[in-house]
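Shown next, in structure tokens, is the structure this report addresses.
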Amino acid sequence: MSSNTVFEPKIIAFVCNWCTYAGADLTGTSRLKYATNVKIVRFPCTGRIDFLLLLKSFAQGADGVIVSGCHPNDCHYTSGNFHARRRWIAFRAILDLMGVDIRRIQYSWVSAAEGSKWADLVNNTVSEIRALGPYTEYQQVADYLEKGGYNGEA
Amino acid sequence: MSKIGVFICHCGENISATVDVERVSKEIGGMEGVAHAIDYKYMCSDPGQTFIKEAVKKYDLDGVVVGACSPRMHEPTFRRACAESGLNPYLCEMANLREHCSWVHEKSEETTDKAIDLVKMLVEKVKKNKPLDSIKVPVTKRALVIGGGIAGIQASLDIANTGHQVILIEKDPSIGGHMSQLSETFPTLDCSQCILTPRMVEVAQHPNIKLYTYAELESLEGFIGNFTAKIRLKAKSVNYSTCTGCGACIQKCPVKKIPSEFNAGLGTRTAIYVPFPQAVPNKPVIDRVNCNYYKRGACKICEKTCQVGSIEWDKEDEIITEQVGAVVLATGFDVKGADFFPEYGYGKFKDVLTGLQFERLASASGPTFGEIRRPSDGAIPKKIVFIACAGSRDPAKGIPYCSKICCMYTAKHAMLYQHKVHDGESTVFYMDIRAGGKNYEEFVRRAIEEDTVNYIRGRVARVYEKNGKLIVKGVDTLLGGEQVEIEADMVVLATAGVANCGSEQLAQKLHVSYDPYHFFAEAHPKLKPVETNTAGIFLAGACQAPKDIPETVGMASGAAVKVAALFSNDQLVREPVVAVVNRLAPPLYSTCVGCFMCETACPYNAIEHEEIKGRDGSLIRTIARVNQGLCQGCGTCVAFCRSKSIDIQGYTNEQVYAEVMSLLND
Amino acid sequence: MEKLRGRAAALLADGSVALIIGYEEGTKRPRPLFCRNSESTKKLIFDSRCINNLAVYITKKELVGKDRIAVTASISTLRSILQLYVENQLSEEKLLVLTVDLNGELREFVTFDEISAYVAQFELKRGEREQEILSKIEGMNREERWKFWLGEMSHCFKCYACRSACPLCYCSKCVVEVNRPQWINPWPAPLANMEWHINRAMHMVGRCTACGACGDACPVGIPIDLITRKMMKDMAPEFGYIPGQPAKQGNALSSWKLDDREQFIR
Amino acid sequence: METKYINISGLEQWFDAISASGKRIYAPVSARGQVDFMPVKHLNEVAKEYIQTTQSVKASVYPKAEVLFSYEKVHGKVNLTDFDPESVSETVLWKVHPCDAAGFKPLSAIFNWDTTDKLINAHLLKTTVVSYSCATADESCFCTSVNGSPGNVSGSDIQLTILSDGGAIAEILTAKGEALVALLPGVFEADRGDKKEKYLVDLPAKFSLEEVNAKLNKAFNSTVWKEQSERCIGCGACAFVCPTCACFDIQEDTHGSKGRRIRCWDACGFALFTMHTSGHNPREHQSQRWRQRILHKFSYMPERLSVVGCTGCGRCSRACPVDMNILEHITSIAEQ
Amino acid sequence: MSEKNIYLPYLMTIDKVTKEAPGVKTYRLKFQDEAEAAAFDFKAGQFGEYSAFGEGESTFCIASSPTRKGYIECTFRDTGRVTSGLASLEEGSTMGFRGPYGNVFPMDEWKGKSLVFIAGGIALPPMRCVIWNALDLRENFKDITIVYGAKSVNDLVYKSELKEWTDRPDVKMVTTVDPGGETADWKGEIGFVPAIVEKVAPSSENTIAIVCGPPIMIKYTFPVLEKLGFKDDQIYTTLENRMKCGVGKCGRCNVGKLYICKDGPVFSREELNLIPAEEY
């Protein structure tokens, strides 16, 4: 039941083709139900996911982001997810330093066999982001041009 | 891309039961750039596909989005349909409305909204799609097998028997590898030479196999289907086309005290030598390091004995080039030897041996003709201690892994000893007994029960000499850590199996990855055990990890099938999902600055250095180029390129960016 | 100093190098100098006031052509040179590196290894200003950090002096200039600036040698060097490299370890 | 044009009156170790001890990024929303230095020669400039060499010269100036006859503009550009702090069906500024770009727009990370 | 009366799309506002800024003739962000146009003279405007010769018009393709434009030559014309420099003191000689 008062976060998921996308397919074939808030963008591998896409998502109005791929050692391309893991370690640290709300990015490993893990991941992320509320802090800054502003006026 | 056709599938009721498909097609139909949008009961059915084909022609579509089941299911179907109607298949994308939407949500406004978003996202993506051609690479139907142990022999024979050419190179003067050194083999105790020799001969005589012994790989360039191998034929100093293999020269050679590699140092050989009597080819080479002539400039006795004048003093290494389409790596393994076990007295006490040396002692063709005798005094040892896990499973020694074969060959050794020395007493110190394999556990039990080998679970701390006896000091963990001390006549260490020295350099030459212990790495530990990360290069045998003969042979046949499968087509057709580095007109050439971050990131070594040269031949810049034969399309390089100079077809920056942008728009 | 000038003059005179990039006295502080003849080497100076990172010039195609060049390098510059070697931007045959060590001795380096060994003696220290702002930031909660940086970012007018001054920003077309797609909005606005700097920080992970040139160059005084410097130091233990000591094997971010630690992937 | 005297408390009261009138006031504020124009409510927030703000006041009439117009796509049609001059608020720029105020003329010339620029004109129209004559200068200043002076009133609506008692000579120069005075006319007293010159910093001219001009007319193919620009790293710092640099880029900001076209600062020093999509670049080398900057200001603008493109504020020299000192460079050209 | 915003484009409807060559399209644009259409006028040689809403603006010349009222045409090649955005539009879509900008070909001065048009590749569009202008006022001019070349037959633009011109008795039309670019049924010339000009050898007597094309083509055509006796004031060309505003403000197109967008894009060779070469 969705009423007007419940905040429905917009969440975008970046997943790899071989594990998480397939895992989410399995969630479907297993007919497990989950929240409608998450939309998937398919990548060949987590190694392909550009960190800028995460930033762009927030600027475009996403309240949360999921990034998911094969478990360590299970990468279809052997090491794409290891590269991605390093990238996320660094990226998260930078975002945190800058004060970006890193709780809004959920990283996960979901294999092709973990259909129920995918459903749980989506549901948990949705409820966590819902609790955090809309990411207006970020989105408002995106409106700067509309409001004008001068030196030092954010 | 401006005229996109969108086809929404009901999937019977699978989608339409929860998603309002009419609303989806209606709303999408109003999107900018969508020329045609319909929904239909079964898009994948013949009539459904016909709708697509007709629409492509009628509306002159330049892109198609099918909103249906998972692309992992029907992407090929719809791409084929597009291709049949004249639209480049890679201009067709699928939105997953079933697995990712209708099946996982209840019927509601939101579910339909989400379906619309999913289709929108793919419409935006497909607007940025570019027509692609699948990649076709010609295949040279000839394989290179490196290493002539049982793995290389088996792989060569299997490939050759499918009718394809094989080039087998072996660094030693003879093929055979470690198996030729073994006495009898577990778990059946059949004579190693007896089962191996016929295969060695078959290799030498097979019309499809070209054998180069005393040869090593110099370099390998190219990619799957199209490798160029440079092979160094080391100078043998003997002309094999005239040499009859009579062996007269060997008899006369005055340098006789060279430790024999074949006998693991227990016997000797001459400077001109055949490593063992059953060697293939059975012709000698001159070991230039030890030869008097090469050392001191005088001798040439062999030349005088040779009736056919086959000795070639001035012969130099020769480098030949061969074109091959696939490579099987079968360079095997090695065992740890001298100096690795000072605490066990190896290298210090003559009667402390490695397992491989014991094989030679037990072998009928060995230095003692199969009798177990002490190297120190030739006496028959009455008490013998075998130490398993000598080095293996010992992080302190840098070998934390299990060498897998030692438990079995130790049991075999103890058994052989008991069979040969009936009044002998044998003890085995072990950590665990790993006898996983058909009839293996039974084999070990036989050693313990029938051959009364004494098994003690525990580690040996030290081996030292006292009064001409070897004292083995250890603990028995099953007896609660009780100290045990055994006086032995001989100690045999089951030393760890390790990667061949030089395997690291070889891996680098071949651009295959290797593990921290320098064994070659398989492409996937479960699903691609014989493939490497480099397409077209396969693994067989102990070069991937220590393993026994049955496993080695199985793997070799597996690799051979992979090669044969590759050779079953004249061309290799691959999805064009590969990376490309942008190219621009001079003076830019490319935005790539040649930092080669992409190179270090690429798991497949697909990034090459391309030199851009001016008209005068001077180097202007070095930029990256993707070898499309090697690239597997993971796109890891793309995310690393700071200046966005490299992109991956099918998932280009523009495409994924458009998806993200569309998804969150209102 | 005299030794440096003498050596420089000699190098130019005997044709072993065609250009020497060094420092001269400027109007406010020492500034880069380009010597093409012995005469101009008289102006060369080298002391602790010379803070421009000259490594920025040795990748410019206008300055370096077919001929060999020499550069006088501070420790910061040396570190950058090492990193540039790692990134295949320099060739040992074409570059001669000069420095004056702590004892006032002139030293010359030709190879990566020589420089590396020399640099290894110097520990990378945190400056006072860096320490001060860092401890200020460390005392903030997330919202405060966001506000702080957003405030700073609102001053950035995207002059790209930071990028131009950084020896490692040698891309012929920077990502902000890529417009298909337009990853980073090219106009100055707080979020567009934030995206730019987060991006730049990511591009510097494991590469930044903490020279501080970017921060020094920023005309509006944004401590951007802090971001990259902090990251390089924080990530060093994570990824197992020595800060300020580029290793030949390549960059931290394009390699990985089986046991890279993280607690956030669930 | 009328000259009056205002005492120190009068100045404060007048400032408060301007503030209370609802006009935005931008004035130099010291923060983050720099002095720059910022919104200010009270006179005591205004910075005191400094030579020059880091950035010029240009951004107040020519924002770093500004929406030229916005649009929305509805069912294949496009609706445009023009820039609305009414959206610009009345603004007072306080304590502008003469070299900054003098920048409005060349700025306006660039934007209004041949065709007029609605946006900048809307800003100029709504902006009143209260300048302070200069009692201090540093080695980068050279207004007197480029037709300016520490007491130059070009571009100012009111110029204040602060006296030793803290009061000021107020030269009311334009109708806009008068309107500002009219907010609190009572605090203005009759001119006491203070000599303005006495309070101005002495800044002898360093070169003759005519001479420079004559030299530059022949200097296009000179080697001086390469010599001078070798250390230039091609950033935009100089252009971005300059009160007269006006190069811009036009960009698109899209969010789904809505979007806006944006004008934002750009700089002729950037390597890719003139690069064609094909990769051809008419100004491929930094020396060509440096030449463009100097010739544009000191040769082309005087010739085409009858105004010098440099007010001698010295900001570019202060901002430059590699000490490209414009005064030094122009002087050396003049002396060649 | 509020001031006009020079950056605000006219809204245009794409009336007709013609695919000219791979990546090259011609759009016929009509004003959405009739009053704007009525007030609009331009002359041969001028250009405009065309917008793809969502991607930005790009500069193209007006490729149609001022004698044909009620619409303008542009021909462009898909090379960048803006042009690919434009290329994705269809008939009926809205795009933006600002203009006309720049100077013009002095058609009035050319009355009574012969004209030689020499064009290469995608540079025919600016020329096409003048060609149609001259053909529509055919009686004003003496001989008209057109030499047009492209890399390959496929790359020739305005294929139907090329045929029309070829068929006209009052035009001497020569088409050529680079060696190797011909097809089996190609009837035109084979060779590079300068060589073909030399072969056609138009008289320089009372004649104006208009040359548009890639820099390399221009470079080799000028000496040929010189040989044929063309003086510098008899040769015209257009320049293309990167520009954003089109109205002399953004600072990109300057060459020396000239604004290509205001003082150009049309230049006689005489004027060209005065422009300093942007050399190192």
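In order of appearance the chains are A, B, C, D and E, and numbering begins at 1 in each one.
Operating definition for what follows: a residue touches a chain if its C-beta (ideal position, glycine included) is under 8 Å from a C-beta of that chain, and two chains touch if they have at least 3 such contacts.
Computed from a prediction, not measured in an experiment: that's the story for all the values here.
Student: Could you run down the chains that neighbour chain A and chain C together?
Tutor: Touching chain A as well as chain C, we find B, D.
Student: Which chain would you call central, comparing Cα centres to the global Cα centre?
Tutor: Central by C-alpha mean position: chain C.
Student: Averaging only over C-alpha atoms, locate the centres of chain A and chain B and give their separation in whole Å.
Tutor: Each chain reduced to its C-alpha mean, chain A and chain B end up 37 Å apart.
Student: Cα centroid separation between chain C and chain E, in whole Å?
Tutor: That pair's centroid distance is 47 Å.
Student: Centroid from C-alpha atoms only, then distance chain A to chain D, rounded to Å. What do you get?
Tutor: A distance of 45 Å separates the two centres.
Student: Counting in whole Å, what is the centre-to-centre distance of chain B and chain E, each centre being its mean C-alpha position?
Tutor: Those two chain centres are 61 Å apart.
Student: Which positions in chain A are in touch with at least two other chains?
Tutor: In chain A, residues 51, 56, 60, 79, 83, 87, 145, 151-153 touch at least two other chains, as defined above.
Student: Where in chain C do residues touch at least two different other chains?
Tutor: As it turns out, chain C has residues touching two or more other chains at 155, 173, 175, 180, 183, 187, 189, 253-255.
Student: Hey, what residues on chain E touch two or more of the other chains?
Tutor: 80
Student: Which two-chain combinations qualify as touching?
Tutor: All chain pairs meeting the touch criterion are A-B, A-C, A-D, B-C, B-D, B-E, C-D, C-E, D-E.
Student: Write out the stretch or stretches of chain B touching chain C in their complex.
Tutor: 588, 591, 593-598, 600-601, 618, 622, 640, 642-645, 653-654, 657-658, 661
Student: For chain E, which residues count as touching chain C in their complex?
Tutor: Within the complex, chain E touches chain C at residues 80-81, 84.
Student: With touch defined as at the start, can you tell me which chain A residues reach chain B in the complex?
Tutor: 2, 8, 10, 12, 17, 21-22, 24-29, 31-34, 36, 39-45, 47-51, 53, 56-57, 60-62, 73, 76-80, 83-84, 87, 119
Student: Taking the complex as given, what residues does chain B use to touch chain A?
Tutor: Where chain B meets chain A, its residues are 70-72, 96, 98-101, 103-106, 108, 110-111, 113-114, 117-118, 121, 513, 523-525, 533, 577, 601, 603-604, 632-636, 638-640, 648, 650-651, 653, 656-657, 659-661, 663-666.
Student: So in the complex, the part of chain E that touches chain D is made up of which residues?
Tutor: For this pair, the touching residues of chain E are 2-9, 11, 51, 53-57, 79-80, 83, 92-94, 96, 215, 240-242, 244-245, 247-257, 262, 276, 278-280.
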